[in-house]
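A quick write-up on the structure given underneath.
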Amino acid sequence: MGTDGNRSWQMTQFGLPNLNPVRGRIPEPGPHELLVRTKAVSLNYKDKLIVDGMLIPDLSFPFVPTSDAVGEIVAVGSAVSRFRVGQRVLGQVIADWPDGDAPPVLHKHTLGSSLSGMLSEHVVFGEDAAVLAPPSLSDIEAATLPIAALTAWFAMAEATRPVPGQTILIQGTGGVSLFALQFAAAFGLRAIVTSSSDDKLERAKDLGAWQVINYRTQPAWDEAARDLTDGIGVNHVLEMVGGDNARRSLNALAADGRLSVIGLLGATEISFPVLPFMRNRIVVQGISIGHRRSFERMNRAIEALGIKPVIDKVYGFNDVPQAFGHLEKGPFGKIVITAT
Amino acid sequence: MGTDGNRSWQMTQFGLPNLNPVRGRIPEPGPHELLVRTKAVSLNYKDKLIVDGMLIPDLSFPFVPTSDAVGEIVAVGSAVSRFRVGQRVLGQVIADWPDGDAPPVLHKHTLGSSLSGMLSEHVVFGEDAAVLAPPSLSDIEAATLPIAALTAWFAMAEATRPVPGQTILIQGTGGVSLFALQFAAAFGLRAIVTSSSDDKLERAKDLGAWQVINYRTQPAWDEAARDLTDGIGVNHVLEMVGGDNARRSLNALAADGRLSVIGLLGATEISFPVLPFMRNRIVVQGISIGHRRSFERMNRAIEALGIKPVIDKVYGFNDVPQAFGHLEKGPFGKIVITAT
Amino acid sequence: MGTDGNRSWQMTQFGLPNLNPVRGRIPEPGPHELLVRTKAVSLNYKDKLIVDGMLIPDLSFPFVPTSDAVGEIVAVGSAVSRFRVGQRVLGQVIADWPDGDAPPVLHKHTLGSSLSGMLSEHVVFGEDAAVLAPPSLSDIEAATLPIAALTAWFAMAEATRPVPGQTILIQGTGGVSLFALQFAAAFGLRAIVTSSSDDKLERAKDLGAWQVINYRTQPAWDEAARDLTDGIGVNHVLEMVGGDNARRSLNALAADGRLSVIGLLGATEISFPVLPFMRNRIVVQGISIGHRRSFERMNRAIEALGIKPVIDKVYGFNDVPQAFGHLEKGPFGKIVITAT
Amino acid sequence: MGTDGNRSWQMTQFGLPNLNPVRGRIPEPGPHELLVRTKAVSLNYKDKLIVDGMLIPDLSFPFVPTSDAVGEIVAVGSAVSRFRVGQRVLGQVIADWPDGDAPPVLHKHTLGSSLSGMLSEHVVFGEDAAVLAPPSLSDIEAATLPIAALTAWFAMAEATRPVPGQTILIQGTGGVSLFALQFAAAFGLRAIVTSSSDDKLERAKDLGAWQVINYRTQPAWDEAARDLTDGIGVNHVLEMVGGDNARRSLNALAADGRLSVIGLLGATEISFPVLPFMRNRIVVQGISIGHRRSFERMNRAIEALGIKPVIDKVYGFNDVPQAFGHLEKGPFGKIVITAT
């Protein structure tokens, strides 16, 4: 890290070529804020969509992208009481959602979206929008938690009542999905993982998948899932695609099953037949990351359960464009950028 | 009621003209069964769909339609312990769902569907599939409860956690909707009712509607509902139509809102945009009547709250075809047939 | 209200004679704070216990007692975004509990306890610890909500899942109990109220009590409650006394019943027999007011349901000692002090 | 097993010497009943209390004690639809509790209490009061589930919402406690086990205990538990003793903690201080085994999670008195009697 000023990656318009390093002033923390020296930043697929102009068409420039970072507190505001200098913290992405119900309008205070992102050597968090990083994780591992892990945790441990021994079907092997798989194994759930790659499915088994389905060779993966569960269906599906894919998800569900809609990867619509939906008393729930208290609970669980995030590749702070490029390739595990 | 045998209305093939009176033997109750002299039967729109061959294409003939009846126990099987002769009971429509989770396959033991219906002077209920009728209701009133009231109750008081003071939007003024309106008023909820008829909306106001919307004059009823709630949206919508109507329902919902899918009236599909669904953490839940324990709880509530079902018209046992014909006209309240 | 400075009632040591009027500086709101001109203050019995030195032996002096106030915002800090000057607000008593789980250590930031109280012409609230007052209430009415109403609401609508038609037994006619009675009537619950005064029981009936029990003439009020419920017992009891009184409460409960422990009036211990507790699967829950989000939900419900707090007597700002003296007499409804 | 008649152990009055082998007729299953050839029976401490006349003073003689058995269906009643001959089943101890709420009066139809017990070569179950035994367990292992395992499961997975990563304190190493320990490890919870025996604590560690406390050498085990959790306290305590022990349990709990009252081992009363109970919003819940649906869910989980019950010793059907005698010694794991 340079000693003169605050190095960042900043966009002046949409498109990866317009993401460039700049130097600015190190910010001053307000009375309730923390100044954090960034240690590592992880990427989510939505970061690429934002950089490409696909997700937030009315973004204000200049803009520093990405939402997930871990760092060390180097200064605190005059009124800060929850933290002290030297602690290692993660930023709460939906910064105005401490617990319980979300704010009436989401994403008015969201890191890497309405608020500035994390690709800076120094960032500022509100003290009410930060949590301690789990001591058992390295910086690189801890940086992966704020969106991918918390989304999986919230869908599984907060918005759904997990009954051990039940079955969960996890679509794909993206960041949220791999955390969901690790949580499922640790929570006593049977995880079925789908992918188009036998190689990735093998690695999913190593992470604790009970069963795997290659949806390329078995396009009727919903029927395959029913067969694996003696015709009963699975109790929970994490929907990562949307559109007609949700039809198969519905069909894969057991009576009283639950579909958590998480993904941004496919269609912008979701649709399914009403009659089986009513007859089986299905619940479909929309998920949007989670609140700070759930982040704290998750971190305690990660610590207690010894969960280690899966990292695909680590890039240096100078290689941000290469890191973004890697997202296209469908990594198995998170892409992380070190900031020091 | 005739003294010789058991008079019923029976179909030998689909179509209302094929529903005709017959005489048969009065059934013998098995060890755990109740023989019940029917007092009154109420109709649901699905009864018409079944008679017309629209809902259960593979129905077995001869078939006695309808599901909702109240009657007096005239004999009990040798092992019956929950009831005694002379008590007034209602049949539990999904006969094998006592409490908690539904049976793995729904509708294997459902009155007026896989089991024989109620248009008979004598019917048989399993003792585990009957509940006491609320003493505060007449026979005609009590006969309306098994499907319409219990569906509204289950969606509102069991599958949803009702927080008093919240807002519920009720589509239309059919049987389920009017019970939902009466429950909403009694539970401390603000009910918004939609209809295409100003006359029906006036009557909804008399039943306790907080606000009404004529969706013919205000096709953007979702925006109207948002306006009525200061732009926040409603907390719960009872979806009676499906298809694209669900888009408006979704748009009418507040953050963390809930859509209970109940109706059979419109499309066979449901679809909506994913992004606002996720961002607002909406829950969409399928409803299929309810279990016996909820029926008992509802009856206590009806008694405690002094709720009186809305009756549109009462027909004699000889006028069953006329009663079915009335269903087409969009009654305001239930159609009941007396059996004595 | 005087124009020169901030008039308050302040204690320098325990005992009502040591509560005296003083003049101080009008406080400056910090960046996230609201300066509020107090309109009305309501008393709770715990205020008397604090003044007498019974509840917080290690109180720091000088101390301004009381926790419940309504007022108008006259200035806002530089960073305030949730409120603006001119709005009428209530203070959130547990100031650091916005939603969900409480802070790890309760009462580090509680009005009228670890924080200064409300008996001042001007008070300061954090913007995250204030809610809009319901427009349908006068200042005097609104001032009664922060502790008594919110405690009843939290026990009934948040910590318990209210099923309409169920029975709740409310002990006494103190501030929490009267709000509980009004909520019960509005939520579709049957309320049984106990008191030693037939006069108060009559007034409870006027407020919507379904049944009343004079525990002086019927010391076995638990058995009386069982009789009123056909031997089944009540579903929920609000415990205001503790000690051996809880035995009767337990005995009054139906299977799967719930006992909310609220009161500070009696013993410091609670005890009951284990076997019926286990056999009936009773739940006993401790209640400590509630979080800000529940305050907001309650205010919407009070507005929607047209609930008007019961006021026993209103005192002027010069008559604070008389108002405290009134607390001893067992008022029926709240004691309020106007601040203007 | 003898070929002539049905061998049983029967009491004619209280006291172990009055428990003797008899021969009777093999019962005929009623229309909805299953005739089961018993394979193995497990003992619970309450069986000893019943035999000794401590738990059910008004027991009807002759009486066959014990509640937990596994066996093979050898005949089914004419109306049975849920099972067929040859299946291996376990009896549901509270035979009239299929799901949801318990029957209004518990223990009117309870195996080994109001109904005859399991120490017979042939027993009869209602088809609604039986579940399939998990295929992964031997007869001896499966016989241990109906009370001990289901009580632990119900307290942990049904009556409490388990959040992975939380801490649970399990008192002692009796039958319920060891299942609780195995469930805790499989559900992703941190289990703290207490015992007076270092040897048993070592074995608890082998079963997955996170921490152990010897309450003989550390009588202030509540403070020890607080220390192990960084002063926060544990989230859930399984209370096996009652009386003043519950004070320590309360003190060991974190804010929003939960105390499940399970045990019959100690005092008949439970008592604790009100103020910390309210301030920390503690929930105390009574547990009484569980319903059939939870039994089915538990069996799926046992199968999915590979849990193997801990067996202390197996006795032959002729050695029933010795098996009962073993209960006194504080076994580590279940005592099982084979019936073949």
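So that you can tell them apart, the chains are marked A, B, C and D in the order they are listed, and the count of residues begins at 1 in each.
The rule we apply is simple: a contact is a pair of C-beta atoms (placed from the backbone, for glycine too) under 8 Å apart; a residue touches a chain by one contact, two chains touch by 3 or more.
Note that the coordinates shown come from a computational prediction; the quantities given were computed from them, not determined experimentally.
When the C-beta contacts at B-C and at C-D are tallied, the pair with the greater total is C-D. Just one of C-D, A-D or A-C has an interface built like that of A-B, with over half of its contact pairs in common by residue number: C-D. Annotation: 41 Å between the Cα-based centres of chain B and chain C.
Inter-chain centre distance (chain C to chain D, centres taken as mean C-alpha positions): 42 Å. Chain B has residues 101 in contact with two or more other chains.
Contact topology of the protein chains: fully connected, every pair of chains touching. Those residues of chain D that touch chain B in the shared complex are 30-32, 79, 98-101, 291, 293. Taken in their complex, chain B has these residues touching chain A: 101-102, 104-107, 159, 232, 242, 255-256, 261-262, 267-275, 277-288. Contact residues on chain B toward chain C in their complex (touch as defined above): 157, 161-166, 183, 186-190, 210, 297-298, 300-305.
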